[in-house]
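What follows is a set of structures for review.
Next come two complexes, and both contain subunit A; in the first it sits with subunit B, in the second with subunit C.
For the complex of A and B:
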């Protein structure tokens, strides 16, 4: 500890012993901040205090000096706790930097390109609740009038979910075909997830394949939130439901698939439960609320509708999404 | 050059005896009150580890003179079970979170030098030094 600090401490203490004003206490407290900044341990502060008192009032009874020695002994573990805290803070900072890097890697790794298809307008938004996104969206397209899209939600969040997602991505890459049928895609990914992932982790996925020439959507689902179909002619909403177990539950799971032919103005809305399970002060936000939001903007481009739904839901939940939010809208034009 | 003496650790009271020995040597070498308290806290931790985890062992205190510098060396030796994962016991928060005290990272912080050797099934030997400034 520097001599200068000891001298300053003695002066501040002397001022206070002469005159017990709030001003003098305030000066002392400000000084303690400087001590912390310079990593001076509590036991050293007491030692400094003892030395200062000795110089100022050397004639005090022995019991006073013994009591300071006792107090020094008492403070050793506090000093250690303080050092440990500083070292843990540093580690936390390092972890944060690593997490940021991981989030960047995830973003690059999971980047997907919107396909360009005759007669189809696509809107997409995926926003993580925390640093790492537990939702996954992936397009496969061969520029031959077919495109596949997987919308997946890893149950569990953060780093483990992100790692699981990279696996799904490589599974999809290995299939490498925009013609692949939903029941086959879901079957393959199911076996990959079942083999490689911890029992406590599950993935739900909606997979659809779009054939632009016939405007035909073929879809299947592995325990995922049903997609929504809006029929422009009937002005009605319905659910696109398909039976199938969550991915990773059983290697023997079999997945259904269905088809629907789209007509001009029809919308297909695919999403994760972050969209439908939002909460406001009155409880869950009903599906009808989402229908209503889409209805209001159905004439707009798909991306405008997606953004509008997000903005409105965010407003309803006072900007506090609990879950990752992913929404894809196909609009037949 | 070194000058040594040691305390067998069998009961909790032996921890106090080891502290006393360490304090006498530290005082004799000219360590101030704060460093004396740090050295005895390190001895406490090491002796407590022997008492709690090895059952019995020995704390040895040596005076050191090296390149004109004076110092104190604490040796904590036992033939207990050894430490399976040294990295873990040297991690911050591993022992302290359970309220077990400063732990080995604490001993390392209190002293200038810290060395640990452990063999599973054979025992542990820890050497910690503090130099007089």
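For the complex of A and C:
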């Protein structure tokens, strides 16, 4: 500890013992902040105090000096706790840097290219609620008039979820075909996930394959929120339900698949539960609200509809999404 | 946001009442309490969810982990008193087909 600090402390203490004003105390408070900044341990402060008292009032009963020595002993563990706190703060800072790096890696990993398909307009928005996204969206396209899309939600958040996504990505890459059928894709990824993740982590996934020539969508679901079909001719919404267990629960799971032929103006809305499980002060935001939002903008390009739904839901929830938000809209044009 | 979990076990029969919301904040509480029992051999667990007014996918994960563990040890898990919203969650995820669940006010699934 520098001599300068000891001198300053002695002056402040002397002022206080003479006058005992609020102003003196205030000076002392500010000085203690400076001591903390300079990493001075509590026991050192008491040693300094003892030395200052000795200089200022040399003649005091021995019991006072002994009591200071005892107090110094008492403070040593407080000093250690303070050191620990500082090292934790440093570690936390390091972790934050690592999380930022991981989020960057995830962003690179999650990069997916919107396919270009004759007669299909695609809109996409995926926004994480926290730093790491628990939602995953991936397009498989071979520029041959077919495209696959996976919309997945990893149950379990943060870093483990991000690692789990890399498995999904590699599972999809290993199939390497935009023609792959939903039941096969889901079956393969189910086995990968089942083998590799712990018991409380699961993935829900909607997989669909679009054949541009026939405007035919083949879809399957592994425990995922059903996609929604809007029929322009009937002006009606319906759910594209397909039976199938969450990925990673049972190796024996089998997946259904169904097909639907799209006509001009039809919409297929694929999403995660961050879209449908929104809540505001009055309770849940019902699916009908989402239908209504989409209905209002159905004439617009798919990206405009997606952005509008996000903006409106964000407004309804006072800009507080609790969950990751992923919405994809296919519009037959 | 809170949760109340009351579990009582006797003769390897576990009775549970869960109240409140099961989400990312409260799920760890539920997980920790259930983990105490999940490795008992041949456990018969019956959990009443009639007072659960909200559950998200994190909550679902807790029940699936519990179900898998109890099943692996030769036991059985039954969930009862599910609201329509909860029932839908179990149906969509396909868990309704493999787990023993019972809706509120109904005799069976």
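Keep this in mind: the second predicted complex is superposed on the first by the 333 of 333 C-alpha atoms of A that agree within 3 Å, B and C clash if a C-alpha of one lies under 4 Å from a C-alpha of the other, contacts with A are read in each partner's own complex, and residues count from 1 in each chain.
As a convention for this text, a contact is a pair of C-beta atoms (placed from the backbone, for glycine too) under 8 Å apart; a residue touches a chain by one contact, two chains touch by 3 or more.
Source: prediction; values computed, not measured.
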item: First (subunit B), second (subunit C), both or neither touched by A:80; value: first
item: Touched partner set for A:249, first subunit B, second subunit C, both or neither; value: second
item: Subunit B versus subunit C as contact partner of A:225, first or second or both or neither; value: second
item: Superposition-derived comparison: subunit B or subunit C, residues of subunit A touched; value: C
item: Touched partner set for A:91, first subunit B, second subunit C, both or neither; value: first
item: First, second, both or neither for A:108, with subunit B first and subunit C second; value: neither
item: Which of subunit B and subunit C A:323 touches, first, second, both or neither; value: second
item: Subunit B versus subunit C as contact partner of A:69, first or second or both or neither; value: first
item: Touched partner set for A:2, first subunit B, second subunit C, both or neither; value: neither
item: On subunit A, positions contacted by subunit B and by subunit C; value: none
item: Parts of subunit A lying in touch with subunit B, wherever the complex brings them together; value: 43-44, 47, 50, 69, 72-73, 76-77, 80-81, 83-84, 87-88, 91
item: List of subunit C residues in touch with subunit A within their complex; value: 23-24, 31, 56-58, 60-62, 64-65, 68-69, 85, 92-95, 97-98
item: Subunit C-touching residues of subunit A, taken from the complex the two chains share; value: 153, 155-157, 199-202, 204, 222-226, 243-246, 249-250, 253, 273, 277, 284, 322-323
item: Parts of subunit B lying in touch with subunit A, wherever the complex brings them together; value: 32-34, 37-38, 40-41, 92-93, 96, 101-102, 105-106, 109-110
